[in-house]
Every structure is written in structure tokens, then in C-alpha cells.
């Protein structure tokens, strides 16, 4: 089994403003293996991948491809050597169609002219998508009109269309559901059989076992260890990633629920994504909403928060009718929302941690309308301490923080606004185990303090692990409700997909 | 040593703009001995003040990520209306209030187009620009109004001590805008809106209100600029804003305020306006062919903004752990 | 084509189309000689220079920029061309040289945006000033003339009943259309507007794409300058003033969006026609020029509002 | 339907042909052309034109009248360079009075983009389509306007140029002789200033022909007065704010304050801007000359700030031009010469403190 590696990385270092993202990392990849890169948020996985791809130029260290030293200055060089990637962030052009996106800059030309052969391009794109069991994707409409999962499949198709020798998959499944993951894994295994080296980055542990061969652990930009899959238990692996012992992932303190905090009645939106949802949420309670991607959960959260105006139904906050009111009114009445895409919706990335922390609570913190930078900093520092946000100071832009720490800033924002009902939409998406557990612990503490928490998540385990009650949502409807420990993961999963009533 | 100075310059926000200014001043005084005379410096300050007043409010708009192309003609419209009212014998404080009110109305109009109707600010304010120019043309019917009351013109040409009144107005505006942008929740909201409008929305910020406020600030300073300009010229016509045009935007951006929003501030605009004015002053004084004036302006705009962009990226590299 | 897809297509037309239709009816009822071939030919000829400039501007707007140097570039190109002709250079040399200056200016714009990382607005604003200076220095401040048959041939003669100016405009339209839809250049422009990162990961330098786009826009400006010089039979250092803003307005009225790389040169046709038909009709109706600026401003604002409204409706 | 484009008796053709031309502009029968191509523009008017040629109008400025009456249903288009300048406003006012006096319709138009020659062409093309009877135009560029003037002539529509003239093809040119205005004002100032000192010229926008000709008149005159030195000549674009700014800056140049005796600005607006700057600098003994005789400038003369200006009377010029056109349309009467300036020597166009009251109250064009 022991083979010559096709790719060897030695002593790689790379810095960004404020962080040493990679610090002397060693890594190697063999032909025909899936090499999983694991580590907390900000451990440097994506940075390592991007250095290999030529997106970033490392400051120290070397990369060798089959013994030949590489010196990339752009992804073009990577592509030339057959190294391609599915990036963590989508790289779609919204108003080009799937085929154009897949073959961007490599469009088949009509011989003898510089003109693109659209017909051939469509055919080729369809063929690749078909091999990924995604033949149903419309390759003629702008990808903007497709949903995120379909876009992700197009990204994957794009990477495969390069006929790569080495392929980097950076959290490719983050926005895929089970239905799409299965054919995708098949494809990955097929590539592995073809002798292609695969670097796989994911925060989902069960995936390591399904497709991984070896695992390399990074922590704080440093190389920790490379091991075979199965060599360690999950717990041991997590300890390796986090650098400390982790006893239990989901902590829930028993506490009393007292009085209704939030209730919706037959809530509907204008686009037909939410078709009638009635839920209740008590103080001190954590309620989960499980569902497939696209079930309409985010839409429902937006309706409750007042970003979109409902087409029908009611929202009561602490018994008060707030249907159709503006977000600022709703926030004043104690509701907060952690949006699912924190970079896009949650944070002013160029602004400092301090500024972001008081973004919602400006008015209550500075009732005179005059801000005091010092007071602001003090508040931010308090929350940094409280939430254990790792940052040297509170004046640096949040863009320089890792995902988990960014999420903590968003949470601080709502805590400083004294929200007592908080909707967490995908609070741990793309966040590593360490940070995840901190956030779980935090949610538990908040609930214990009497706050009400509505948690939307696509990770079934965490919904089950954290919630007192779970609503199951499908196609814009609440199709079931179960209480903690009432039913198994499989049952809920089935309900999510099939929409059947769950027997309590 | 040099390196240390360089590092320091890179780290401070306005250091680069200030050093460009110092460089331009030293250069100018080397080129022409009459540059560094008190008399000329006062002249430069006075000329800068109108440009600066017009640009000052734009700083707020650009910080929200918007732009306002209607300033020069709004100022002209205010000037025309002010002059008409003065001719009718309306008292000066009332006239000034009326002028500012016109600015507020234009600001609200722009704010509504951008904030509520979500039009791209570039075309929306360009459309407004045409409309306000059209209104001034209709109001004036191609005429010039002149010979304004003697106690009005000091706003443009008078002095308090050695300082011209427009300069004092500019200084006061700088102070006010610095306070508003840096020390109030409104200022915070404006910066927030510029760095991420979505996040502002999800933070329950009243983005529409903040957008409109920024444009109203801009409308007010345009109005003040129009009043000062009218007083300075002792006349008003529909076309009087014409010579300012895009210089107003250039002054803001040269001062390091990013067109993407969320970064920059009012002091930058002070410096941008000063540099632009000094360049033109020196060109006039040394008598360079007037055909080359705009070439010099163009090169200075590009170089100064480039320096800003360049040092910003260097600064980020420097702040590496 | 099914009724449904037809409906969809009609719905996707920029609102400029509807406003043009309304204007045609209105003007037709209120003016003499409106619906004549010669009137429409003359409107189209009037629209041609702006249209060709707008073809170039479309590319820049698709990339989320604006090119404010186009007007000045026109000024420079017309002046340089005529001055070279005055120096008795054969047209085969003078014209390419003059067009070369505009193309080079476009290239420089691209360079400044791509390499110096200046926002296009500022880069081209600076360039606008520089090019205007060059135009003034070259022409010594005044318009320049030269007797040559070419001006009249281009401006007055026609081929197959269609004036040469229109053939050139049609050519520019076709070229831009084909480039955008059927070449890698076009795909790169759209991806620069939609997501520059995508181009990078596809192994193409966004800088290069930027430079190419600005250079092409420079070329379109050069062609427009050629038409314009023929139309006014001279080189004029202010003839292009205002084209930069009008072209941006036309592009946006044509439904091209300043975000996301949405739109294309097809809509620009209608944007330009809207502006030109509006202006022409106001003159035909003898609306005093005092009122024209305000009216044009209001119509432009209205069209933009309508466009925004329709786009929002479509998204919902 | 009275859409006959024109009835030029000079090159009279038969009626059926004219009708055919009207029916189909593209038809093989050419429209009734008027041919003024022999009228090449000249920069200077003859002495006879300035003094003896008989005019069909009497008076100047607001007092102008005529006996001519329109015999047909004419629409005359008056096209100016822009719609914000008082001079253009004067042209429109003159046209309105002419419309009332002569019994015609006038249309006043200008480019939306100020001074755009291209838009001027488009305006004329559209008006030709509309079947306008004649044009009075103030082109921004004499050669650039030619395609439209040619098109008008093709369509049988006569054109009179005011101010800057079309290079050829105008039936007549009127308005002032710019060179002459420059000479007259410069002479006046040089004679008055005591024979020596520094001179500053504020120019119009680079490229504006009227400004260039005027400047030539001034500098040619300056050459005849060796006692004076030219300090600088800088453009301020006919704009008051720029006139002021340029003057402020020039005053900062070493020695200028002591040397300066005379400022000649190519229009009143810049002259008034310069006066503002001079006043601000506390300089009172400098002679300032302008051109146009605008309302504002008249007040400045009255106040003793402005020394002299030249009454360019856009009101009367336009009135006069329209009268000439109506005469031609009625009966084919052609002007005696191509360039008949208005106002000219016979109108005593110099306005200074001696005649300012008379000017303001009796015949100024802005009344």
C-alpha cells in the first residue's frame, strides 16, 4: 500500500494580516488516495489548499510534484499541472449558465474561429453533470436561478472537467443534503480508483470514515500529525484537533421553561416558500427546526424577524402581535437573529470587532446619540472575555478573524442588544468542533438564563443533541413535532425527506 | 531611520495624505516664491473653501457606499433661488434658511431614489443633476442675477480677522461633520451601511433613514456651498456650478475615502480639496499653458488615489503578526 | 416559440422599449412628418455616435465599472485625426494613428484599474482630464478642419439605402454582441462583473481581462470618434463632452445592471434610442430648450425607476 | 397643410416640383435647393456694411422696430449655443419681439449639453424634418455646423448666422464683428490708461471662435501700443467664478499687483469676476473692459467698477436677422452683403460712464 507520494509539501509558511495562517506545515499526497485535512476553523486548511493550487504564494517552504519543485504564481500554473479545486466559497458567475460556468475560459471553440461552440459546450456539460447524477440541472439558465446545492454540484463538475491529477475539495458537502451527497461520494471514489490524488477538507466526521484514507490534522497553522483513518477514535481525533480533552459534545442543562416567548400562527410568505407554519417557543427552551436545505426555514426566520413581510399569519413576541413590523421594532421587543451566512449578512467585515459588537445596541448603549469609543471598547472586551473570542484586540477588523470567532462576534452583537429570543440559523455551519462546542455550551447557558432559542440547522445530530423540542419542516410546512429523546435520528431523517407525520 | 519614518507613515490613517499635502506645499513654494506668502495662502484657503464645502457632505454619502453627482447643479439651483429671493427683498436669514431648505429637499429626493427605490446612486443622482439644472434654467430663463444686497456678499468675500468668512464656514463644517461621522450613532450607522448594507439590515439598522440622512447632509452642504459661491460672485446663474463638476468627487476620493463605502473621513476631504486647489493655484501663478491644467489635475488625481490604495495594502501587510 | 416563452421574452425587455413606444405614439400625434423614413434615418444617424460609445461602455458597466474618459477620448481622437490629416498624412495612416490614441487611452485605463488597483470611476476621471488636455494642446484650443472627401462620404453616402454611419454602428453592435455571446473575451467580461474570483480559479488573470475590456472600449470610442468627426466634418476638442454620462445612462436604461454582470448590448440599443428619440422629439415639438434639460432628467429618472421596479417584480 | 419648406424666389422653381419634394423627400426630384455656397464666411465686415448699407430695421436693443410684415405662415427656428447665458436669452427675447412684430412663429432651441456642436446639428436636422421656414443660428463652431447648414440649404431653408458664422452657406452673417469689438475696446482702454503698464487678458473657452477673434483684435491692438506689456493671457471659459479664480491667482504672481493697469476679459461675466478679485485684493486703479453690455455689467459701469463694455445686442441682432429672413421669404430680397454686423459703428456700441444712463434706460438689449 505504501506508495511514492505525488505531492510533497515541506515547511510551508504563509501569513496574513494579523495571523500566521500556516507555520512550517508538512504534508504529502499519494496517487489514488483521499487525504482528509482536518482542524478547527482558521487552522489553515483552506490556506494550505490554496498554496498548493497557486492561489497564494507561500513565504517559506516548498511544494514538490513528483519530485519536481513547483513555483506557482497563479492558479493557472496549478491547472497546468493538473491541480484543481472545489473552493470553499462558491466561484459561480451568476448570469452565466451552468455550461458557461463549468467551461469558463476553456470554452470549446468552433474550429478555425474564435467563436464558442455553445452546442458542444452544452453537451459536454450535460455529460459531466449526468455522471454526477445531476442530469436534471438546467444548463441553459443563469446559475443564479439554481439553488445552492445545484450550484455546488456545478462547482464539482467544473473541477472534474479539468481531468485533474490532484483535486482539492474544500468543504464540498457543506451545502449538500444526503440526497446529493451520495452520488457525489460515488464520484469521489471513482476518481480515487483512477489514481487521482484527492485532498478533502470537511468538518463532518462521519465523512472521514466513508471516503477518507489518511487524515492530516492542522492546528493554529501548525502541522500536528498525519494518520490513517480508523487509527484513532473520533474523540481522540477531536482532542488532537482542539488540543485538549473533550468530554461531551452536547451539553444540555435541565431547566424550567417559563411562559411563551415566541409564537407564530399559520405564517406564510409571498414567494410560496413558507406555506403555513405555526410554532411556539418558551422562555428557557431551545427549539430546533430540522429540515432539508431549501425547506424554507431561513425564509421563516426572515418573516419572524421582519426582513420580509408575511403574506398571512401572525407572529407574537412575548404575547405581543408583531406581525409585519420592521426589524428594528422587533429587535426592540427582544428578538435577535444570527443569519446563516454571517459574512454576507452578519458582519461589517471592514469594521472592527468593537464596532460590530454594538451595531444593534447603539441606541441603548449610547442613548444620547453620542458614542464613546472607550465605552464601546470596554463592552467589546467584556464580550470577548465572556465568549472566549480569540483575538489580540477589539479594534481589528472582523475580516481577520476565523469563522468561529466571527460567529462569536455576531452572538455578542445580539447579547449586547439584550435579546431574549434568539434565532440561530445554521449557527455552526463551517465551524470547527472546538468552536462548535463552545457555541453549544453558550446556547445552553443562555437557555438556562431564561432566554428562548430557536435553532435552525441542517445537522441533524446537533438538532437532536441540543433541542428540547424539534419541529420538522418540509416544503414550507411544519410536518411534525417531537420532544427530546422521543424519537431516533433515522425517524426524523425520514420525516424530513418524506414529509410523513412523525409518531410521537 | 528612513525605514522607520516610512513605517510610521504607513501606519497612520491620514499620514500619507498629509505628506502628499506637505510635499505639494513644499514643491509649490520651490516653484514659485510667491506661493508661501500669507496673502497667497489666504487666497488658496479661500478658493479651497468652496470646493471643500461642496465636497464635505459628499464624504458622508460616499461613506455609505453611494455617490452624488448632483451637487454642483444643486448648489447652482440654491444660488439662483437665494439670489431671486434677495432681489425680492426677503431678509437674509430667511433667504439662507430657504436655500438650505432647498438643499434638504434635493437631499431627501436623492435619498428616496437611492434608499427606498433602490436605484443605483450613479444614475439616480445623475438624473437629479439634470432635473435641478433644468429647474435652475427654468427659474433663471437664461439670465444672470447680480448686485446682491451689501450685507449678503460678506458671506463670500468678508473677513473675520485675517480669515475669510468662507474659510471659517469650512472649518466649522469640518468640525460638525467630524463630530457627526465619528462621534454619533448616526455616523456609526453610516459607516456600517457602507461596509455591509446587508449586515446593517440584519442588525435592524434603519438603513433607509440613514441613507436619506446622508444625502440630506450632502444636500445641506451643497446648499451652503451654493450660498457661499453666490455671495462670493455677487451673482447667480443657472450654470454657476458647472466649473466644479467632478472635482467634488475627486476631492473626496483623493482624501482616501473609498468609493465602496465604509472607509475614510472628513479630514481626507479637507486634504483632497487643498491639494486640488493648490495645484490649480500654482499653475495659474507660474503661467503654465492653461491647456495643460487639466492634465496636471488628472495626473494628481490618479497618483494620489494610487498612493492611498498602495499604502493601504502595505499597511495591511505591515500589521502581520 | 410557445406563447409562454414569448411572454417571458417580452417581459424581459427593458422598460426603455415601452417608453420608446409611448413616445413614438405621442410624438407621432404631435408633430409633422414624424413617421417618415427620412426622419427615422436621421434619428438613427444622430444616435449612432452615442450608440457606438455605449457599446464600449456596456462592457465596462458589465464589469461593474464606469468609463468617464470616453467623452474626452472622443475629443482627442477627432482632433488628432484631423490634425494628422492637415499634416498631409494619407488617411490610411492618419486614421489608424488617431484611432490608436483612443485605443491606447483605453489600454492605459485598463492598466491603471488592473495594476494600480484604482476604482474605474477615479482612474477614468483622471484620464478624462489628461485626454482633454491632449485634445486642447493638439488642436491649439480650437476646432480643426481639413478638406477631405471622406467626411462627406461617411456622413452622407449610403449603401443599400442605409447610410454608412449606420452600417458602422450596426457593425459595432454585431461585433460587441458576438464578442459578448460567442467568445471567451465576452465570458470573461461577464465573469469579471459577476465574480472575478471565478476567473482567477479558471486560470485567467482578472487583470488581463480588465485591460482587454478597457482596450476594447477604447477601440469602440475610436470608431465613435471617427463617425463623430465625419458628422461634424472637423476635429473639435469639446465635441464629446457629455458622452461619458449619456452612455452610462443609456446602458443602464437598457437594463444592464451595475452589479453581477447582468445585461448586454442588446438593451443598450434601446437605451440609446430612448435618449435620442426623446431629444429629437422635444426639438420636433418645438419645446423650448429651457425646459428640455428638466424633461430629459425626469424621463431618465422615470425609466430607471421603472426598470428597478420591473426587476424587483421579476425577482419576486 | 401649409408645410411648404420655403418659397425662395431667387432660385424660383415651379410649384409642382415643390409639392413633389414635399411629398417624398427621398424621391428623385430634389427639393428646392437654395444655394448660398458662394457665401464663404469672412471674419471682418466691410466699412460699407458697418456704416452705409441700409437696414430694414430702425433702432437698437429694446427700441428696435421694422415695417416688414410676413406674407406667409412662417416658422423661424432660433438656435443658440446653450440656454444659460444671458446673451442667448437676449437672442430669444429679440426673436419673440420679432415674432410679434412681423407676424410669424419662432422656435427657440439650444443643445441640452451646453455648446455641443453635435447636438446643434441634430436640432437643425429635426427642425428641417419639421419643415421650418428659416434658421437663425449661433453655431458653436463654424465648420462643425456645416453638415446641418448644407442640409438646410438642400431642403431650401435659408440660414442666417449670428456671432460665430457657419463656414459657408449662410444667407448672411450678422451680430458683431468680433475682431472689431476687440480692437475698439482695447484701443479705448489703451488710450485711457496713460500709455504704459501691464495688461491681463482673460480668454473665453479654448476653441470658442468668437473668443479667439476677439483676442486677436486685442493682441493686434496691443502690438501698436509698445508701452504696454502683456502679463498673461489665460482662459476663464466665459465663466464668472473662473474669471475670479484666475484673477486671484494671477494677482499672487510677483510684481503683478504693482504692474497691472488693464484687464480685458472676453466677456462681461469674466470681467465681473475679475473685478470681484481686484476688489478683494484692494486694488482700485485698474481699468477693466468687457464685452456684451449685459445688465450686470451696466450696473458695474454705473458703479465705476467696470470701465467699458461693448454692446453686442443679441436682441437687436436676432430681430434684424429675422427681419432679413422674412423679407427674403416674402419676396426673395437678398442682403446687400454677406456680413452686415449688428450693432456696428453706426450704433456707437461702446458703453462707458458717459452714456451708461442712456443705455440702461433707453435702448439696452436686456430691457
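As written, the chains take the letters A, B, C and D, and residue 1 is the first residue of each chain.
The rule is simple: a contact is a pair of C-beta atoms (placed from the backbone, for glycine too) under 8 Å apart; a residue touches a chain by one contact, two chains touch by 3 or more.
As the structure is a prediction and not an experimental result, all values here were calculated from the model.
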item: Distance-maximising chain from chain C - centres being C-alpha averages; value: A
item: Separation of chain B from chain C, taking each centre as the mean of its C-alpha atoms, in whole Å; value: 30
item: Chain C-chain D separation of Cα centroids, rounded to whole Å; value: 33
item: Distance between chain centroids, defined by C-alpha means - chain A, chain D (Å); value: 72
item: Approximate Å spacing (C-alpha centroids) for the pair chain B, chain D; value: 36
item: In chain B, residues with contacts to at least two other chains; value: 137, 141-142, 291
item: Set of chain D residues in contact with two or more other chains; value: 83, 92, 206, 235
item: Two or more partner chains touched - positions in chain C; value: 136, 141, 290, 292-293, 296
item: Pairs of chains satisfying the touch condition; value: A-B, A-C, B-C, B-D, C-D
item: Of chain B, residues touching chain D in the complex; value: 32-35, 37, 39-40, 43, 46-47, 136-137, 140-144, 146-147, 157, 229, 232-235, 237-240, 242-243, 280-281, 284-287, 290-291
item: Residues of chain B defined as touching chain A within the complex; value: 183-189, 191-192, 195-196, 198-206, 262-263, 316-317, 319-321
item: In the complex with chain A, residue positions of chain C that touch it; value: 178, 182-184, 187-188, 190-191, 193-195, 197-205, 260-262, 316
item: Touching residues (chain side chain D, partner chain B) in the complex; value: 82-86, 88-89, 92, 114, 203, 206, 232, 234-235, 237, 239-242, 244-246, 248-254, 269, 272-273, 276, 279-280, 294-296, 299
item: Partner chain B, residues of chain A touching it in the complex; value: 15-20, 305, 307, 326-328, 330-331, 337, 339, 344-351, 355, 358-360, 362-363, 366, 369-371, 392, 396, 413
